[in-house]
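Labels run A, B, C and D following the written order; every chain starts at residue 1.
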Amino acid sequence: MTVQKLPMVKAINESLRRALASDPKVLVMGEDVGRLGGVFRVTDGLQKEFGDERVLDTPLAESGIVGTAIGLALRGYRPVVEIQFDGFVFPAYDQIVTQLAKMRARSLGKVSLPVVIRIPYGGGIGAVEHHSESPEALFAHVAGLKVVTPSNARDAYWMMQQAVRGDDPVIFFEPKRRYWDKDEVDPGATPLPLHRAAVARPGEDLTLAAYGPMVKVCLDAARAAAEEGRSLEVLDLRSLSPLDFDCVQTSVEKTRRLVTVHEAPVFFGAGAEIAARVTERSFYHLEAPVLRVGGYHSPYPPSRLEDTYLPDLDRVLDAVDRALAY
Amino acid sequence: MTVQKLPMVKAINESLRRALASDPKVLVMGEDVGRLGGVFRVTDGLQKEFGDERVLDTPLAESGIVGTAIGLALRGYRPVVEIQFDGFVFPAYDQIVTQLAKMRARSLGKVSLPVVIRIPYGGGIGAVEHHSESPEALFAHVAGLKVVTPSNARDAYWMMQQAVRGDDPVIFFEPKRRYWDKDEVDPGATPLPLHRAAVARPGEDLTLAAYGPMVKVCLDAARAAAEEGRSLEVLDLRSLSPLDFDCVQTSVEKTRRLVTVHEAPVFFGAGAEIAARVTERSFYHLEAPVLRVGGYHSPYPPSRLEDTYLPDLDRVLDAVDRALAY
Amino acid sequence: MTTGTVQFLNHEGELTSHPDHEAEISPDGLRKLYHDMAWSRRMDAEAVTLQRQGELGLWPSLLGQEAAQIGAGHALGAADYVFPSYRDHGIALCRGVDPLDLLRMFRGVTNGGWDPAEKNFHLYTLVIGSQVLHATGYAMGLAKDGSPGAVLTCFGDGATSQGDVSEAFNFAAVYHAPIVFFCQNNQWAISEANERQTRVPLHQRADGFGFPGVRVDGNDVLACLAVTKWALERARSGEGPTLIEAFTYRMGAHTTSDDPLRYRDGEEVAYWNLRDPLARLRTLLEARGWADGAYFDTVAAQCEERAVDLRARLRATPDPDPGDIFAHVHADGHALVDEERARFAAYQATFADAAGRGE
Amino acid sequence: MTTGTVQFLNHEGELTSHPDHEAEISPDGLRKLYHDMAWSRRMDAEAVTLQRQGELGLWPSLLGQEAAQIGAGHALGAADYVFPSYRDHGIALCRGVDPLDLLRMFRGVTNGGWDPAEKNFHLYTLVIGSQVLHATGYAMGLAKDGSPGAVLTCFGDGATSQGDVSEAFNFAAVYHAPIVFFCQNNQWAISEANERQTRVPLHQRADGFGFPGVRVDGNDVLACLAVTKWALERARSGEGPTLIEAFTYRMGAHTTSDDPLRYRDGEEVAYWNLRDPLARLRTLLEARGWADGAYFDTVAAQCEERAVDLRARLRATPDPDPGDIFAHVHADGHALVDEERARFAAYQATFADAAGRGE
């Protein structure tokens, strides 16, 4: 593969192809990932290229998929598991939380489980129930897991490379509404470390901290704010566990104001952790409380209401206004 | 039942007995809850008294237990489900998150699911793996659930009464290390509303916000601090979803300093939500950042290390010192 | 245990027999079955069209499964309760559910919305297998109540792989619950053929849990009706659960988002086209002289009319009230939800204000 | 399919036969089996005592299940891999696991701690049923590797109710994995008798997933050995999974925390005491003159010696290093864990300082 402009689906596809090609222990498994190439076509063509011993269409059982992936990892394989949609990860939650996350500690480090669990997540695609959720906080709270989420195709490519090569379980959240956004992917580049946040847009007056699908919304907000003479810095957190608090701290100690943005409900969400920790780290620097923009504390609504439910440019700017008013 | 001094196990037992006696639709179900009376004896004698059509020993399958409880609730029953230990709730997590929590909203309010899920939780009893965890944040983040946890026998009695009578699903966390602590229970008293926090000990200099097993630790810390002339206010939150932020706010605007304490890992834990919201509500009142004391971001350790892992009086006082140093 | 696949109407439209079961055959009954199958097919086609036109977000077509669903639907008594999956439009119609309710859900107006107790037809469940446990619990409740009803729950071949479904089988067996597990084996779970889900015929799964499993020709409405009736009767009379595997075929795409050309060949589809559940019943009705061209024209015209009406009603469906986001989360209220609802209202008001000020 | 319960040694110590299977009988082999059963029982009793003395937090006794475990353990080849539950001390011993490793876990020194790859014996799993999926995945891996080994996984009768176990049965069947599901049906899941878990004999569960299920007399070490060997051989030669239900009895409490007098009667226990797996083998050995009093005395003395040694080693086991809390969470590090570890060290140091200053 050469330098190409790719949509995120294709970038992940290429990254998986490279992983499969370069390490015979890498497996791809999940529902419909083989013959169909996944409902989003992320694994398109991989079974054809690598065979059904490497790319497995599994029975329809998420606990079974993750549970057998753990067994395969114990046998030396490096499974990359697809959960078809965010809302369908919960049948596998027990295996993830009690087994995948804890087995290394349980074995005092004698066992590693290099399993990547890919989860297309988030809303904004007009889908039916359970197809638009953002359950990342439910994984970030769990010790033993790493939780990452790219916001663009380039990061998706590289972060998948890094996730597959690492020896720890990684929950890899893919923002499905950004699947078709294109970005330049250079397979020869040197990527940022997996758990490092990025300054997606520098600014002076206030920091917007977002990840995954909301980075674009924040960039749009920053552009809109710029027209009104406000300089917003946008952070793309990229990783939620660990979370690059150094990056957030540096930014906040410059701008003195922070707004967090995610699709998931605010209550007990990532914004809470960021607000709490940044306030502790930079107490005397903050001129306003950290404000949080996110989903409401209600089940994800039917699609005709999702535009109302999801944070958008207006809601971000509203929070910006409120933060700047302090 | 008359006014009695009861340990928490017995208080919950009496509360369930009363619920079973006063409403024929109330059921108790779970593993070993019938003939054995539960591994902690919380349901002791109930099957004998109400028969095995009301108190059901179920197959060993948590998803099945919660899933059938949902069906029973749809049929008009009010099941009180026991999960044997905190670490075993995860096989039921899918049913809880995608069905129990969401069905009412899904039906536009046409269906209610009055299901109570009892979960003995927390550490400090020298148990083996999976028997000492505090997964409350994983439920509080989920819209559609109510999450409560008593810290003492009296509250346990009343909160169970209220949980069973309410029409919403309630995750009822029972602090197992406080099961044998006694308190006076008066079945004729008027209880505090279920989701109201309580000032467990008034104070002036700093607020300690805790719940469940950590309330006692905080009360001990407050007593110790008092000897050094420091007046700590201890809040017993009692409910995590909803969380009584008015109570916390009132306290913090008086004391101007807040330390949260829980056994669960700090990262993405309840302390984060409390810190974020209280800081937002009372930004100009706070003289120090909200400090959080809790578990580390590692799987709950083997029991010989749990005293090191769990917040104790010293760690609470250390945080108090740090908060007061601002 | 029933032996072999139960079939009463083969794909050539001829009546056959089975040693263990009996079909009820009356011209009137057959016409009613035909009518309901035709309407479910027409309604389904309308929904597919509406999706193509952007009126629905998604539609899972029942095309090919009409016999299974209308057969099962006709077996139900008034006191029986159904826990459907998401493709069971035919059963919904049999229960008297307004198809608009189904369409509203796939339009994204609600995530369910109808009152399950009204027609004893639970909301659709999208998480594969979950409802099978709810159904089992409900059946346990029926038994506790001494109710004369039984439960029928629907799920697909793929669903049988889910732990929840096995747990439900076991709970139902252990508690001897009055329930019929109605598995529509349409051969495919999205792109995965049966052999990716199971090594053996699915009705066999029941053996391991201790209740009978029966395979019926799922494209034979008579067989589906007879066996479901028998199984419901067993349930009602305290004989416990039954698993029915209705062996059928998903003639269309998994949903309107799916492209089956990517994973299955035309030959297979052609094979099953010959086994169309409606065609064989029509052949029988015509052969026996129980219905003629005029009858079929009338049915088609009726269906057409209702489809037009359905379309009009769907188009007139208003978008949901944003307040729905907060309104139905809890029965007894929740301080945070209330707070967010109030803040949301205030925030919305700023736009109204802004608009009012002509901004 | 094997018919009936496989048994070669009845509870009176007489050899019997079975049409489908064959026992290997040699004085040497039987003595070795007896020895291992005796040692596992003695080791187990020592652990119970140690728990009573406060040296262990908990102990799940294998009492009564020695034949099942030693039989299965002796069937294993070096390349085979075991995924145990938490009561499989006998199999652990057969694999060469140091019993101290088991005790350390129940002492609360570690949540596992041994290297599973060293003896091809995975860590104990406490969440009921989870390991059965791991075992299945591992077996899928063996097959991919073309390895000569097979997997044996252990679980209880209660575990069969868990969705994970059914999912594992199905994955194993679909992928034709080289695995033996070894279910020790000890009649009880804590306080719940078999009829609360299942309506039919558990070996029957396999039928529904498409592989053979066999019931063996779980108190007959010869039957357990022969059938497990046969099943492992099937697995290794590409014939797929087998479910073995070893029909045995938990003679003691569920764990040292349990009081079985609350839920089962003495008659049942007495019935099973007569079926003690060790007693019947001893009867056979004595009747045939393959072992005499002196032999049994020697075995007892050896076991005693090892038990004393084990106790001494356990007592000498140091408490774990608090650093263990942070040391093994991740292979590639984690900034937050590192930060917390550093803060923890600094905090601990304040106590050392305080102590140093004589406070």
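Everything that follows uses one rule, which is that contacts are C-beta pairs under 8 Å (C-beta built on N, C-alpha and C of every residue); 3 or more make two chains touch, one makes a residue touch a chain.
Small disclaimer: the values here were computed from a predicted structure and weren't measured.
The interface holding more C-beta pairs in contact, when A-D is weighed against B-D, is A-D.
The greatest centre-to-centre gap from chain C, using C-alpha centroids, is found for D.
With centres taken as mean Cα positions, chain B sits 31 Å from chain A. Taking each chain's centre as the mean of its C-alpha atoms, chain A lies 40 Å from chain D.
Centre-to-centre separation between chain C and chain D, using Cα means, comes to 45 Å. Work out the mean CA point of chain B and of chain D, and you get 35 Å between them. In chain C, the residues touching two or more other chains are 110-112, 127, 161-164, 167, 170, 174, 196-198, 324, 329, 334, 336-337. Contacts with at least two other chains are made by residues 58-59, 61, 63-64, 87, 90-91, 94, 98, 102, 105-106, 129-130, 143-144, 241, 267, 296-299 of chain A. Interface of chain D with chain B (complex): residues 57-58, 105-112, 126-128, 158-159, 161-164, 189-192, 196-198, 257-258, 262-263, 319-320, 322, 324-326, 329, 334, 336-337, 340, 344, 347, 350-351. Against chain B, in their complex, chain A makes its touches with residues 63, 87, 90-91, 93-94, 97-98, 101-102, 105-106, 129-130, 137-138, 140-144, 241, 264-265, 267-273, 275-277, 279-280, 283, 288-292, 296-299, 326. Against chain D, in their complex, chain B makes its touches with residues 31-32, 34-37, 39, 57-61, 63-64, 87-88, 90-91, 126-130, 267, 296-299, 301-306, 308-309, 314-315, 318. The touching residues of chain A, when paired with chain D in their complex, are 53, 58-59, 61, 63-64, 66-77, 94-95, 98-99, 102-112, 114, 143-144, 146, 166-168, 195, 241-245. Put simply, chain C touches chain D in their complex at residues 160-164, 166-167, 170, 173-174, 176, 195-200, 204-211, 213.
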